[in-house]
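One chain, chain A, appears in both complexes that follow, with chain B as partner in the first and chain C in the second.
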Partner chain A sequence: MQIKPILSALRQHKAGTVLIAMQIALTLAIVCNALFIIQQRLAHLSEPSGIDETHLFVVENQWVGKPSPDQLDAQIRADLSALRQLSSVQDASVSNSYPLHGGGWDDGLKLKPDQANATTEAAIYFADEHMLATLGLKLIAGRNFRADEIGHMGIRDALAPPVIVITKALAEKLFPSVDGHANAALGKTVYLMSNRTTIIGIVDQLQSQSVARWAADFAHRSVLVPLRLVSPQGTYYLIQAKPGQLDAAMHAAEPTLLAQSRKRVISDKDGLLSFAEVRAHAYDSDYGMAVLMGIVCVVLLAITAAGIVGLTSFWVGQRRRQIGVRRALGATRRDILSYFMTENLLISSGGALLGVLLAVTMNLWLVIRFEMQHLSLLYVFIGVAILLLLGQCAVLAPAMRAAQVSPVEATRTV
Partner chain B sequence: MLKMTHLSKVYRTEVVETYALRDFNIDVKEGEFVAVTGPSGSGKTTFLTIAGLLETFTGGEYHLDGVEVSHLNDNARSKIRNEKIGFIFQAFNLIPDLNVFDNVEVPLRYRGMKSAERKKRIMESLERVGLASRAKHYPAELSGGQQQRVAIARALAGSPRLLLADEPTGNLDTQMARSVLELLEEIHREGATIVMVTHDPELAARAQRNVHVIDGQVVDLAEDPRFHAHVAQVAEATHGR
Partner chain C sequence: MFDYYLDLAWRSLRRSPGLTVLMVLAIGFGVAASMTTYSVFRAVSGDPIPWKSSKLFVPQIDPWGPSGRASDGEPPDALTYTDAMALMHAHRAKLQSAMYRISPSLVPEQTGQHPINVSGHAVYGEFFPMLDVPFLYGAGWSADDDAHQAPVVVISGELNRKFFGGANSVGRSLSMDGKDYRVVGVMGDWNPQPRFYDLASSANFNAIGEGVFIPFERGIAAGIYNSGNTNCYEPTKGAGFIGLQQSSCTWVSYMALLDSSAAASQYRQYLDSYAREQQQAGRFHWAPNNLLRDVPAVLDHQGVVPSDTRISLLVALGLLVVCLVNTVGLMLAKFLRRSSEIGVRRALGAPRRALYAQFLIEAGLIGAAGGALGLLLTGAGVMSVGLVFRPEIAALARLDWSLLGITMVLAVGATLLAGLYPTFRAARVQPAWQLKSN
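Presenting the complex of A and B:
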C-alpha cells in the first residue's frame, strides 16, 4: 500500500510522532502489567474455599472469668446444643479458626517420627462430629469423626489426636499416588508434631485460614482434629443456617448464647460475621488492588486516546491543502481515510514495539522488587491489541473529517 | 473534449448569492490549446475547478470526453481526475512532506500502478522537466520555477489527455514563465488538450485560441462593450503608472 510515502512524510513530523509513540509505549507497558496484576488478584479471590458459604456465619466468643477446662468444655457443648435447637439453624460446630479468617494454627506433618524436616505444613482446624455437615464439606473417602472420638484440649496441651481427617490436597502431598487417587492416604499413619495419628477420612476441599502469602504453600492442605479447644480466647462457633434463614439465625444466635451463660463477650464490631463479610474482608486488598489497576488502565487509555485525537486533528487541520491536492490528483475519500488510519497504525505499531520491551522490563523490575510473577505473553498480546484498536478508534473521527475535505481546497490561493 | 452549455455556478452564503458563472458556454476540442483570460474575479478559476471535476455546478450541462458528469458519484469523479486530467496550480501545490520523487508518485499510486512502472514514469517525466537530478530534494529546497516544473512532471506522469493550468506562471518571473510555457507547448504538440488560465497577454497570445471571461460569461471580444471598457481600464491603469 502507501506505507513508504507515509513513513517518509512522518519523518517531517518527528516531534509529534515520537511523542505519541512514546505515550503509546508507556501506556502499553503499564496496561499490560496492570491487566496481569488484575487477573492474578481476581484469580486469587475467586479461589474456592471448599465450604458452603451462602448460609454460614461465625460467632467469635471470648470467655470471662477463669473457668476450668472441664467447665469450659461443658459450656461449649451446652452452647452448641442450644444453637442446633434453633429453628433457623441447620447445624453448628466449634473450632479454633476457619477458612479466610486470617490467622490460626498450622503445623508440620511427617511421615516418620525421626524425619528431620516436615513433609508439609498444614492448617489445623479443631472439629467435632458436626463440622463436616456445618461447613458442607464433601467426604470423598473414609469416615467422619464419631461423637465418642471428640476430646478437648487446653491451649498449652500437646496436640495429639489419635485420628484425623485431611483434605485431598494434603493427602496427595503426603502420599502421592500414581493414578491420582487420594484414597492412598486413607488408613495411613502420619506424625503431627511427632505425635502418631491415623488418617480416617478425606474431604474434597478446605482452604487454609489465611489467603496471605505466608500461607500460600499450604493453601488447601488442612487437617481436622477431633478436639474442642478450651481456651479463654479463640472459640469460634460456626453456624450453618437453614436456606433463606441466615438473618434470622444471626439474630437468634447471640441471645441464645447469652441465655446459656452471660460469662462471655461477643464483640459488637466483629463478634458476629456472615461468611460473605469474612470473604470480603479477607480479599479487600486484592479487590482494592484490582480496582485501582483498572482505574489506572482506563485513565491511561483515555489520555492516550485523547492524545491521538488531538494530534491527528491538528495534523488534519495543518494538511487541509495537501489533502485537497491529493483529492485533486485522484485520491478517493477512502484513500484519504486510509491514509490517516494507516499513519496511526504505523505510529501505534512503533509505539507498541517499544512498549512490549518496556512492559517486559517493568515486569522484571516488579518481579525483583515485589516478588510478582513473570508476565504472561498473553497479556502483552492483549495490551498490544487494545492499544492498536484504541488508536484506530481514536483516529477515526479526525480521519473522517479529513476525508470530507473537498478537492477545491487545492485551488484556494493562500 | 470539454463542452459546457448554459452552465451556471452560484455560491450561496447566508447573505448573498454570487453568480461565479452564468450561462457559460465553451467547447474545447481534443488537442486544442486554449488560453482563458479575464479580469480578476470574473470566474476563471471557478470554470477550471468545474472543468477539472474539483467542484460541482449549479445548472446547465457539462460533457467531459462525451460523458455528462453531473450524475457521477465522488469515486467516479476521483477516477476521472486521476486518469484523464492533469492539474497545474498557481501555487504549485507540491506536498511539502514528500520529496520530488514521492510528489510525482502521488497520482500514480492512486491509480494502483505497479512500482516498476511508477518508477519508470516518474523518472521519465522528471527528465522531461529537467529535474531528474533533484528527485530526492524536498519542495522547500527548490526555486519557484523548479517547483512548478515538478508540478508539471506530476501532472504529466499519468499521461493525462486534458491539462488544466490556473495561472501556472503567476508566481514566476518572466524567464521562468517562458520556460514553463515552452514545456506546455511541447506537451500540446504531443497531443494533449490544454486549457490555461492566464493574466499575461503575451502568454495568451501563444495559445491557439483565446477565450475571454467577464462576469462569469464567455464573451466575444469584438462585440462586447464590457471588453472595450476593460481594455480602456487597463490602458488607463498602465498610463497612470
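Presenting the complex of A and C:
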C-alpha cells in the first residue's frame, strides 16, 4: 500500500481530516484519564479492612439522660454480656469507632516524650479483650489484652493506656526493621498523647476509621487501647454473628439491648448496620465516580465511532467516480478496502499522537489541581489501542461499501 | 423567508435521517451530561446566604504556636473555649455568636414513644438575627436569657411536627438530656447548604437540618458535651468537659457580623491586640497569628466543593466538546454533499447571506432537537444523580426552570457555533465548478 497518494488525497479534505484527528485526540485524552480514575477508585474501594466482615454488624447506641461514667460502664458491660449470650452471636465488643465508619479518634505517636512532632498519626480504637475475636483480627506477635487490663474512660479524659496493641503497618512505621519483621516493635515503649505506653501485641491488618483523603496518611496505622469509652454521646457495639445467622442476630440485638435498659436511642435509620451497608456507604462516592467515568467512556467512544462512520461515508460518496476509475484501471476490491483502512489508520495515528500529549497534559493538570496521581503509561497505551481499533472497526462498513463500487461508475456522470 | 428556510432545513434533515439522528444524539448526550453534572456543581458551590455572606466573618486565633501549626502556617479553624469567651465578652462586632455542636437526646412527652437523638448547636441569642433565621412561631432568646443560662430552646419545624403535631409550641416544654427546656421559637425551613456557620465541626453538606438550638452558656452549665470536631495539640490537664474548657483544644466555632470593611479591619486590629495581650500575659509565646475571613473566603479555603464534583463537571464538558467537534464534521459532510444544489442557488442569484441564513437555520433546528433530547436526558440525569454522588450532595441537585433554560440555550448556541465553519465552507462553494461538473 502506498501512503503518498493517500496523503495527497487527504490534503483535499483538510477540514474533515483535522476534525476526525481532533475528535480522536480529545476522546483519547478523556478516555485515558477516565480509565485511570476508574482504576484508582476500584483499587481504593477494594482495599482490605483486615476484619472479618461477612457476619459482622454494628449497633450505634446513644444514651438518654446523664448517667455517670461508672453507671454507664456497668451498663455497657451488662449489654455486652447479654449480647454474647444470644445464640446467634459469636462474639461482641465495644468501641468508639470502627473501620470505614468515617469519623473517629486519631492521635500522634511519639518515640520520645520530648519529640517536637509526632512520628505518625494513628487511628485510636477503644477495645476490650473480645475485640480481636469479634473483628477476626489476626494476631501476628505478642498477646491480646487480658480481661483485667480493660479500664474505662470518659470522652474528655486523658488517654493514658499502659499497654496497647498496634497494627503491623504502624509497627513498621515506628520501628522499621531490616528483615521486614514487625516483631521489632513488640515490647517497645512509645508515647501516645505524650503518655508512656508499651506495645504488647501486633495484629496483621486493621484499617483506620476513614477512607477519605484526610486519613490517607495513616490508612492502616491503628492502635487498640484496652479501654471502654463511656461517652454520653455514642457507643458502638460491634457484633460478630455465627455463620449464616447474621439476620437472626441483627433482629435479636435491639430487643436484647432494650431489655437491658430503655434509656437509650438506637436510630431507626442507621442505628443498626450490617458491615456490607457500612462498606457500601463508605465507598459510595468512589463507586459513583467509577460508574460515571465508565458511562462517559462508553458515550465518547460511541460518538467518535459514529462520527468516523459519518465522515468516511461522505468521503466514499464523494469519491465514487475516482474509485470507479481506480477499479477500471485494475485496482482490486481489496485495494480499495485497504485504501480507506490505511487512510483511517493514518488519521487516527495522527490524532492519537496529539491525544497522548493532551492526555498527559490533562493528567498533569489534575495532579496539580486535585492531587490526583500521575497517569501510568499503561493507560495511555490501552487508550491508543482502543481508539485505533475503534477507528478501524468504524471505517470498515463505509470502506466495504466503497469496495463494492463497480468500475462502470468511472464512465457515469453523476 | 424564515419559513422557507425552515422547510428547506426540514427536507434536508429528512433526506439523511441517519446523519441527523447522529447529530441530535451527540448534542443531546453532550448537553445532558454537562447539565446534569452542572446541576450538582451549582448546588454545592452556591452561596448559602448571598445577601450578607461578605459581612459574616470567622475569626481564627493561634493557641498552639509555630510547632502546632499545619504546614500552611494557619491557625486552627475553631477557637479554644477561653478565646471564644474573651471575644464574646469584648463584644466588638455588631452581632456575634460563639457556638458548639451538640447532639442531645429528647424524650417525647407521651409515654411509650422512643427517645430520639437530634443534632443542634449551643449558640448565643444574636445568632438568629445575625443569620436571618426564619421563624414559624416565636423568636430567638434575649441577651438576658444568655446571661442567666435560661433553659430555653429553639426547635426546627420538623421537630415541632414530630413532638407537638405542628401546633404553635411556644411556651411548652421539651425534655432534653434529662432536663426540661421551654420552647421559645419554632424555625421555618432552614438548613443552609453548606452549613457555613460551623464548617469547623460539621460535615459540609447535611441532608437533615438541625433540630435544636440552646443558649451557649446553658449548654456549658448543664454539661452538654460538644459533639463536633475537637482538636488538641497537647493532652488536656483536667478531666471531663470542664477539663476541655480549660484546655488549649479547639472546639468552639465563632461568627461575627461586620458591616463594613472598616469594621472588619478594626476587628482584625482587635484580634491582634488580644493576641498581644495574651502574649504579654505569658499564655502565648509567639507573635499574633490571627485570621479573619468572610464566609465566601472560608468556603473557598475549606474546599467545600468536593473535587469529585469538579472533576465530573470537567469531564462532562470535555464530552460536550467532543460531541461538538463531531457535529462540526458531520455538518460539514452534510452541507458540502449539497454543493451542486448550492451552486444552482448561487447561480440563480442567491447572495451568500441567504446561504448563511439557510444553513444556520438548519443548524439551529438540529440544536433545538438536540436540546429537546438534552432536556429529557438532563431530567433523567438529575433524578439519578444519587447513583453517582453521595446522598447528601445528590439531594441538593434540583431541576428548575433556569436549568432547563440553560440546557436549551447551550444546545442551540453550541450547535450554531458548530455550524459556523460548515456554513462558511458551504457559502464559499463556487457556482461555476458545480455547474460545470453537472
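Convention: the second predicted complex is superposed on the first by the 412 of 414 C-alpha atoms of A that agree within 3 Å, B and C clash if a C-alpha of one lies under 4 Å from a C-alpha of the other, contacts with A are read in each partner's own complex, and residues count from 1 in each chain.
Quick note on the criterion: contacts are C-beta pairs under 8 Å (C-beta built on N, C-alpha and C of every residue); 3 or more make two chains touch, one makes a residue touch a chain.
Given the structure is predicted, the values throughout are model-derived calculations rather than measurements.
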First (chain B), second (chain C), both or neither touched by A:Pro255: neither
Touched partner set for A:Ala116, first chain B, second chain C, both or neither: second
Chain A residues touched by each partner, larger count belonging to chain B or chain C: C
First (chain B), second (chain C), both or neither touched by A:Pro243: neither
First, second, both or neither for A:Ala410, with chain B first and chain C second: first
Touching partner for A:Gln2 - first (chain B), second (chain C), both, neither: first
Chain B versus chain C as contact partner of A:Arg327, first or second or both or neither: first
Chain B and chain C contact sites that coincide on chain A, given as residue numbers: 413-414
Residues of chain A that touch chain B when the two form their complex: 2, 5, 8-9, 12-13, 321-322, 325-335, 406-408, 410-411, 413-414
List of chain C residues in touch with chain A within their complex: 18-19, 22, 25-26, 29-30, 33, 67, 103, 105, 107, 114-117, 177-178, 223, 225, 227, 232, 234-237, 239-241, 243-244, 306-308, 310-312, 315-316, 318-319, 321-323, 325-326, 328-330, 332-334, 336-337, 340, 387-391, 421, 425, 437-438
In the complex, chain A residues that touch chain C: 15-16, 19-20, 22-23, 26-27, 29-30, 33-34, 37, 62-66, 116-117, 154-159, 193-195, 231-233, 263-265, 267, 284-285, 288-289, 291-293, 296, 299-300, 303-304, 306-307, 310-311, 313-315, 317-318, 366, 370-371, 413-414
Sites on chain B touched by chain A in the complex: 45, 48-49, 52-55, 74-75, 78-79, 81-83, 87, 89-91, 93, 95-99, 102, 105-107, 109-111, 154, 158, 166
